[in-house]
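Structures incoming, each one as structure tokens.
Both complexes shown next keep chain A, but they swap its partner, so chain B is in the first and chain C is in the second.
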Partner chain A sequence: MELEFMDVLVERDRFLIRGSGRFTPGTHLVSGRVGSGKTTLAMIAAGLGKPDRGSVRRQGIGSAMLSMQFPEQHLTGSTLESEIASWHLDPDPVLALAGLSGREKDDPFSLSRGELKRLHLACIFSHPFDLLILDEPFSALDCREKMATADRIGSIRAGITIIFTHENQHLPRVDHLWEIREGALVSLGGVPEALVGWKNKPAVLAELHKRGVYPKNLSTADILEAACRTHD
Partner chain B sequence: MIDISGLVFRDLAIQKLRIPPGHTAVIGPNGCGKTTLLRLIAGLLTPSAGTISIDGCNTGEIEAGFVNEFPDRNILFYRVEDEITAPLRFRGISCRKTREMADAVIRQADLSHLTTRLSKQLSGGEKTLVALLTAVVPSPRILILDEFDSHLDQESISLSLDIIEHSGAEYVIQCTQNMDLAARCDHVLYLSEGGLELAGTPEEVFSRLKRTCFYPGLWRIRDGT
Partner chain C sequence: MQDARLRLLTVIILSVASFMSVAGAVAAFFWWMIFTPGIRTITRSPFALFFLGFTASVSALIWFTGGDGISYLVRMAVILLLAFYAYSERAPGEFLDLAVWLFGRKLGFDTGLAAEMSLQGMEVLSDEIRRIRVAFQLKSLKPGFRSIIPAAGLLIHSQFARAEEQADLLAVRGYRGGGMVCPEFTRAKGDFPAFLSAILPLILAIMPVGDIFILLQ
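And then the complex of A and B:
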């Protein structure tokens, strides 16, 4: 199973992004600044957008899902129950997973943004996908939900998972790190080796590096273990 | 001073709260009423009971800038330039003065490259930055920001803090899930499902949250915990 960007280039007004790279089974994290093209690349990876030049090759990928940055853009149901049903899922276990049991008749827009994100992610995680693309899955979640989401991503054992994010504290363990730099998608390599060359690394990681401490990976447990080592 | 007394709105109840001028972070779990509190202070909601006064005035009598947590709900206009200048145009300020005031804010933020864009072309983070510029352009006394930073990278957060500082707002009330950012504010309010639980300086509030994931990550490194 593989997703390959082959000399992909997208040009929009003042915006340019180009890149080549192979996404193999495992968890990939792509970081980049605001407006650097993360969402554009996510759309292209999901097959919902086309590059101006180059191509995207998918091999052995039967099912693909893009979780969009804004959960409200996924909504089709006027109640939580009908929204979940639109994913061909049984509402009760999904509501329980999202911590929203008993609210099946509520309007999705009556939820806080974090609750809406939880509902959306519970629908996403109730299906297995060969290719799962998560665009800012942690935004609007509180720290407990960020950690729970990171755990759920970390428990995915098959397929390709690509996370586009600038979350700086609560992340899952990842296999491969990518960064968008000056309009180019750059493969930094496998983790933990790739952490050293990560330019726009999260503040917590930068602080650890400043103190000469390198975590084994990016999960909260890895960061906490490294934080303890700063005082060894 | 923002004085809240006997406040009730749906599940949110706050008996007594004083928010001093400065930058206040509102933190807590999803669904605990942070957005509701912000909307009440902004005057966008009316309490079922109790009062909120800002320096002796009612909410709604004070110029307030508001950034919604849903980026698309902030944007009204097709062109970014029209979006940023809208609060001034709605006030009937002359075109020349509107242009001067908007240019000053945009130049200070170094975001001129966004003004020629169409709103629909913006990324989520860029929409948030445009919403922030739109909120500060009329120089509000109170600036209310609902988790706008969840769409921003670290550099953009720093840029936003510069914009906020230059806005001259006496009160900045910001809901955030970034605890390192909350730790940099003057005051922190911690809401839980049970209502307002903690209020004070970052040191006072986070010292009570040390055993939770709400404790700032950078402080954990500082403490070696």
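And then the complex of A and C:
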């Protein structure tokens, strides 16, 4: 199972993004600043966008899903029940997972964006996908939900999971790190080795780096473990 | 055509000419071919093919019921082409400038603001339709008759929500009706010749073609 970006290039007026690389089974984190081209790459990876040059090769991928940044972009149902049913899922367990039990008849637009994001992610995580692309999965969530979402992503064991995000506080355990630098997708390698070369790393990692300490991975537990290690 | 005032006047003249007679519509079509980017104005509008198809269907119905469907098709198709041209050429804020220039800072500002918001709403609507298509694709749902109702419901709901937010925003910014705008218009070299050329289809539409030849003799 593999997804490969083959000399992909997208150019729009002053915006340019290019990238090459292979996404193999495991969790990949693609980090980049706002406006760096993460959503463009996510759309291309999902087959919903076409690059101006180059191509995307998929091998052995049966089911694929893109979770878009704004949860309302996925809505096709007029009640929470019908929205969940549109994902071919049983409403009750999904509502329970999203913390919205008993609200099956509610209008999806009556939910806050955070609640809608929780519902959307609950639908996404209730399905196994060969390729799961998450575009800013932590947006609109509070700290507690960000941590829960990071844990859920970290617990995905099968398939290829690619997270495109600018989030730098609450992250899941990942296998491979990528960074978008000056319009180019750069593979930094496997984690934890890749953390050394992460240019725009989170502030907490940069601080630990100064002390010569590197966490084993990016989850909150890993960061805490590394931070406490400095007190030994 | 850069000057919004001349463009609006030209489109009105040509639309009237097209509506009045087939000869006027044919002449307006030639104007459209010469002075506009032509087919590109249709491809820029997501609804163009839908409206042209709808007009063709109505024309066929008129023709089958014994009416002059061909005349209707020619005249309405040219009017639609002019409308797509006007839509594709517009720039944000242009209607506000135009309305304030025409009707002043009270009525003009309110009319222009409403027009700008409506046009913005149309763009949002086409984005929303694209979004719903992607959502259907991602969920492996087949768009069909059953999906039209919830999809239309979502579109109406999002438009209402957007309207409410915009109204709140205007109120927060202190809008009570009317406003200050200093309209600015730029004119390209070819604007005036294009405007003058648009008068010919109107003459053709008003006067029978035979009379024009008599006058020329």
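We adopt the following convention: the second predicted complex is superposed on the first by the 232 of 232 C-alpha atoms of A that agree within 3 Å, B and C clash if a C-alpha of one lies under 4 Å from a C-alpha of the other, contacts with A are read in each partner's own complex, and residues count from 1 in each chain.
Note that in this section a residue touches a chain if its C-beta (ideal position, glycine included) is under 8 Å from a C-beta of that chain, and two chains touch if they have at least 3 such contacts.
What you see is a predicted model, and the numbers here were worked out from it, not measured in a lab.
Novice: See if chain A has more residues touched by chain B or by chain C, and give me that chain.
Specialist: B
Novice: Should A:77 be classified as contacting the first partner (chain B), the second (chain C), both, or neither?
Specialist: second
Novice: Please work out whether A:69 is in contact with chain B alone, chain C alone, both, or neither, and reply first, second, both or neither.
Specialist: After superposing on A, A:69 lies in contact with chain B but is clear of chain C.
Novice: Counting only touches as set out at the top, which of chain B and chain C does A:87 meet: first, second, both, neither?
Specialist: In the superposition, A:87 contacts chain C only.
Novice: I'd like to know which partner A:111 touches here: chain B for first, chain C for second, both or neither.
Specialist: In the superposition, A:111 touches chain B alone.
Novice: Check the residue A:12 against both partner chains and state whether it touches chain B (first), chain C (second), both, or neither.
Specialist: A:12 sits against chain B, while chain C stays out of touch.
Novice: Once chain A of both complexes is superposed, is A:20 in touch with chain B (first), chain C (second), both, or neither?
Specialist: In the superposition, A:20 touches no partner, neither chain B nor chain C.
Novice: Contact-wise, after the overlay, does A:169 reach chain B, chain C, both or neither (first, second, both, neither)?
Specialist: first
Novice: Overlap of the chain B and chain C footprints on chain A, residue-wise?
Specialist: Common to the two interfaces on chain A: residues 72.
Novice: Please give the residue numbers of chain C that touch chain A in the complex, ascending.
Specialist: So the residues of chain C touching chain A come out as 131-132, 134-139, 141, 147, 150-151, 153-154, 157-158, 161.
Novice: For chain A, which residues are in contact with chain C within the complex?
Specialist: 46, 48, 65-66, 68, 72-78, 82, 86-88, 107, 109
Novice: Can you tell me which positions in chain B touch chain A when the two form their complex?
Specialist: Chain B residues touching chain A: 28-31, 34-35, 69-72, 113, 117, 121-126, 128-129, 147, 150-156, 177-180, 212-214, 217-218, 220-221, 223-225.
Novice: So in the complex, the part of chain A that touches chain B is made up of which residues?
Specialist: 12-14, 31-35, 38-39, 69-70, 72, 111-115, 117-118, 136, 139-147, 166, 168-170, 200, 202-204, 207-208, 211, 220, 223-224, 227-228, 230-231
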